[in-house]
Amino acid sequence: MSSWINENGPLLFLALLDGTVTAFVLALIALGLSLVFGVMRIVNIAHGEFFMLGAVFSWFAFDLTDDPLWGFLLALVLAPALVGGIAVFSDRFILRKIKYHPESTIVATIGLLYVIQSLTLIVFGPEARAVEAPLYFRIQFPWFGYSGYKLIVAGMSALGLLGVWLLMIRSKLGLYMRATQQDLEIAKTYGVPTKKIYAAVFALGGGLAALAGVLVVPIRQADHLMGLEPLLLSFIVVIIGGLGSIRGTIVAAFIIGISDGIISVFYEPTLAKMLATLFVAMVLVLKPSGLYGEEVA
Amino acid sequence: MRKKSLIYSLLFQGGILLLLFILQFILPTYHHSSVSKIMVLASYAVAYNFLLGYTGLMSLGHAMFFAAGMYAAGLGIYYLELSALGALLFGAAFTLVISLLFGLFALRTSGVSFLIVTLMFGQTFYLSILYFNEFTFGQDGFSLAKHLGKLVIFNKEYLYSNPDVRYNFALILLTAYLLISTLIMFSPVGRILIAIRENESRTQLLGYNVYYYKLFALVLSGTFSGIAGAMHALLFTYVGTTFAEIHHSISPILWTLLGGAGTVIGPLFGTGIMYYLVDIISGITSNYQLVVGAVLILMIIWFPMGIMGTLRQKWMKWLP
Amino acid sequence: MVKKDLEKVDQASELNLSRRNVLGAGALVAGAGIIGSQMIDPIAGIAHAAGSDAPIKIGFQAHRTGIGALYGRWYERTTNAAVKHINSIGGIAGRPVEIITEDDGTDPKRGADVVEKLATQHKVDFVFGTLFSHVVMGSAPRAGELKIPYFVVSEGYHVASGALNRYVFQPCITDVRAQISAVSGWMFNNLGKNVTIIYPDYAFGYNHRDYASAAAEKHGGKIVAKIAIPPTESSYTRYFVKIPKNTDVIYHVMVGPGVLTFVRELGEHFGPNHPQLFGFIDSLEGVNISSPGLDFLDGSHFWEAMPRYASAADSAGSRFYRNAVGVDNSGASKSDSKDIAAYSHMFGCWETLFAIKEAVEQSGYKSKKDYATLIETMEGFTGFNEGIAHPQGAKAFSGKTHQCYGQQFVSKVGNGKLNVVHKTSIADGMYEPETDYTKQSL
Amino acid sequence: MDEMAAVELLSTHGLTRQYGGLIAVNEVDFKLYPDRIHAIIGPNGAGKTTLVSLICGRTAPSSGRISFKGNDITGLSSAKRVQAGIVYTFQVTSVFSNLSCYENVALSVQRNLRAQQKGTSLLGKWSMVSEADIEQAVSKYLLEVGLEGVEAQIAGTLPYGHQKLLEVAMSLAAGPKLLILDEPTQGLAEAEIENLTQLIQEISKSVNVLLIEHNMEVVFNLADHVTVMDNGSILAEGTPTEIENNHAVQASYLGN
């Protein structure tokens, strides 16, 4: 046992450390998807593109200011706002027009995915572009070093999650969102402005993905194809956690983040992804409500 | 009334197929080849439509079936030295099993869950092709050109990739799919599938075990997609993961919706139009995906019934 | 992988319709259609005889979108520059060159369609320019069926391995097997014997894994670990713990948008006390060496096919080429210093067009009916001389494998640039041919 | 009370359905005898609709058993129960509104025709059902409910009252042994109610009818036997006259 620890301890430690960072970021992205599903009852396939746009806007901010810290702060404010704006626009001119019909929404957001990706390619170009981290330091553990900025990312994601939680329980918007999630018709009769709530939730979901994009871009650069992977991972998280459940989303992000870390380190990364997707399919089939959520109609 | 509709629609489809048959003598080389490809892809879309258009189940993982048929046929030829017909049958049998297993699980869910389950199974299948790359040749895929035998008609040899062989085999496949779809849609079973699409719980309360009929539709749709994939491998001699990617699951949705979900012939029009649209656009701008995306959005907002769906509503009420 | 004998082309009569009525009526219709068509024989398809001054049309299969877009853009710039130069010196065999570009989305499906479209609709004389190996695999069979010469610039081993057909050539970029064989000897002898190899988890990576292992045996080195990373991965830290402690050299080759992250995380992981690094420039193609976080690479070595940074040692041809393609002395676009060229790959487009020129002129090619002569002429080539036409350097060419073999460079990172420290000889990368395309019928 | 000697067609034993804390149907022992029209009445929320949902299998019970013709059907799916002869017509019409009236009835007819096929066919039993037979039967049932000639019309475009009749035609076409009519007169005009009452009378000659109804006039006109429900339990049972005179019922229900 002790020899196993000696041999694999550092591996396990790294898997947990890396898995935790992944989990925080994933929770932030997946929470956006989950809120949109919970309140609006739709699946947004373009969610990953909102993440990508956050990263891309972050690069523009960095390029504009030519200073890592100011660029980062600018992006932190601007990218979620801009992406939120795009989300509101999409809600108003696409989703509302198709009455949030679940399957039509999927087709429409697939279209949106292609449009956003192609426009980014035209404007931003095909290359992966790096953004300097606002704060950079390296932490040396006895066995290996680790990026200090990654820990900052985890911390800031945690703040983001906390922010959403406060928003949900303390604000009027949160109250309206919960009311709409419980029962749309009743919410309407009680005077909840559901149209505005829908737009706000879609913007919030997109904004959270964009925020994650801004945080992550100094770790991994921005490119126009980076949205698909987080989309699939968010799906996995949201489903295992239970569609629409905030608590479930966060718990599932940790399960997936850490188990992916461990399987990848000790076994094969492709195998880890295969098992994760298969696992999700099985969860949906055998326990459709996920860990905490309600059953999906 | 029904009989008249059946005769009308068979005549209509027969006319289009006859037109396609004649076109091969007229079309210039490039379009001759494009139409062959469109017919194989349209067969895939017809199979897809069987599930989406007639049973009301939207799958985001159909590339799994197409690729399963394609890889079974291709690997069968490569490793087992199967004949072309053998490979086709092997592809069909393999997808039959895959879609049956898949259906048994996935059909326990419905609506958005079903969609995500199909997406996840599709993704798992794609990843497993990559994972077993020693056997499947991974992302690069492989060419069958050297491993396929030749077709003999009246003692004359032809390659399967011969343009005329390709065209006519694609035409046969399409004809078979259209005919089978039409006959099923005019049978009592077709009526049940449409009822499931319209109102699943009501259908159950008419005494039908909805699960079995959905399973039937899924297995038929999956197997036909697989046969289309196997045919694609034979006629176009390349097998690769691009046919298992999520984009290849999205394509038949686009083709079906554009042509008209729930119309037998619609997917053919949808496939043809999209194929040429992409082809023309990619000659003009470098960004054909932008157009695909825009078409998807505009169509779902303004034109949700698609071409044949709209025609049926306005004029061709008999259209299946 | 199972190697199958390649001589099954003539295996016939698997589906003998006249004897076995397997497909019934449908088959008869098909038969009628096929035979009917054969008799009429589509009017198009046969190339009209070109006049002496009609342009030679070359179809360029470009990765404008999809994962290959970064390379694709530089391939396109290089191609245009080469055509401009060729036309300024009198074109090919006195005829101007016209390039017709089609985007394949870096997708094998679309790739095959593009080859078809170029060949039969644009009626180009040749198709050229494909880079990504899965696109080559998807497109090459179609080129073979259409019987149109198809010149790829992919550095994949698929041409020389015999997996493709006689119409496919890779005349001007060394394949990855030869690249590895050439430079890994230097690595084992100069950097260390115990090597951990990190490679992308698909065909391109497997070539590195397999041929680096073969080279280790030859040079008395040892591959201590092989770490495959899926192409979709975006975080690499967790792979680095798998690098054994006794590793002298980390041999890395990564492609795709994650490359910068890869290198940076490698730096974060090891800090100052890291093993020697030997990378393939694919890891940093199109990426500025002075990007944030890359200072860690200082002192590490890279394979380059063509040095990104200009030096006094550059030949006149090399200088001419650099200027013509609009790249400055540090490997960036002259008009945008942030736009770094795919310098170790794009020369292949330039040189391939010159190779086509040479083959056309030597064979007396006039129109599509001269394909056989053209192909046989090119198969007769034994190499190319260094010069403006071949700025990367002289090359040997094997008619059997349709593949060329050129010199390679090892560069060391220092002062924020890449400095050449070693140049291999052509012979370093040569291997016994494993196929002979000249035996296939045309 | 002489009917007590007859064998019951349908009975429930301790049938219970809970929704969270709410008990919609509480330990109900319900018995239904053949050859009469049986009505269930009760105020809103009394558990009538839940009870019939449990009987036809749309809802699974929390506990208790259901038997039909002496067989335990508690575990059967709703489709199997329809096949056994328990057919339900919806409170709010639930025809396939995008399909023609012909298709609506044909859906029901064809299942019944298939069930009557003896022997097997290579292509399955469905291939033995002929469209001509379906057509004939559809006409018959449409005629029976007084909707002759509407075959080609899209069901959703029919007036509401006709949709109800179409629904009845679909139910009849399913070959019911027990026809459950859930609030059939709701939303109908006076003349339509009269028409429907006659139709139910007619149907009841060949099919057992279980009626859930608010309209007391209709109930007392039609029913041979009445069960009164309140708060998820059976409050009273008896002939219409007995119920009319029952004080408990008057207090809780008829009084208002």
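To keep things simple, chains are lettered A, B, C and D as they appear, and every chain counts its residues starting from 1.
Just so we're on the same page, a residue touches a chain if its C-beta (ideal position, glycine included) is under 8 Å from a C-beta of that chain, and two chains touch if they have at least 3 such contacts.
Bear in mind the structure is a predicted one, so any value in this text is a computation, not a measurement.
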By that same contact rule, can you tell me which chains touch chain A and chain C alike? B
B-D versus A-B: which interface comes out with more C-beta contact pairs? A-B
Please flag the chain sitting at the greatest distance from chain A, going by CA centroids. D
Per-chain Cα centre nearest the global Cα centre, belonging to chain: B
How far is the middle of chain A from the middle of chain D, if each middle is the mean of its Cα atoms, in Å? 50
From the C-alpha centre of chain B to that of chain D, how far is it in Å? 42
Taking each chain's centre as the mean of its CA atoms, how far is chain C from chain D in angstrom? 73
What whole-Å value do you get for the distance between chain A and chain B if each is reduced to the mean of its CA atoms? 34
Going by residue number, chain B touches two or more other chains at 130, 287, 289
If I count partner chains per residue in chain A, which residues reach a count of at least 2? 118, 121, 268, 270, 273
Going through chain D residue by residue, note those that touch at least 2 other chains and give them in order. none
Each pair of chains that touches is included here, namely A-B, A-C, B-C, B-D
In the complex, chain C touches chain B at residues 1-2, 4, 6, 8-18, 22-23, 26-27, 29-31, 33-38, 40, 42-45, 62, 64-65, 102-103, 105, 107-110, 112-114, 116-117, 120-121, 133-134, 137-138, 140-142, 144-145, 158, 163-165, 201-203, 206, 230-231
Provide the residue numbers of chain B that touch chain C in the complex, in ascending order. 21, 24-25, 27-34, 37, 78-79, 83-85, 130, 133-134, 137-147, 149-159, 161-165, 167-169, 171-172, 175-176, 236-238, 240-243, 247-248, 279, 282-283, 286-289
Chain D to chain B touching residues, read off their complex: 56, 58, 77-80, 82-83, 87-88, 94, 96-99, 102-103, 106-108, 110-111, 114, 126-127, 129, 131, 134-135, 151-152, 170, 174
Provide the residue numbers of chain A that touch chain C in the complex, in ascending order. 10-11, 14-15, 18, 22, 68, 118, 121, 125-128, 130-133, 136, 138, 140, 143-147, 218-221, 223, 225-226, 229, 261, 264-265, 268-270, 273
Would you mind writing out the residues of chain B in touch with chain A in their complex? 58, 60, 105-106, 108-113, 115-117, 119-121, 123-124, 127-128, 130-131, 246, 250, 253, 257, 287, 289-290, 292-297, 300-301, 304
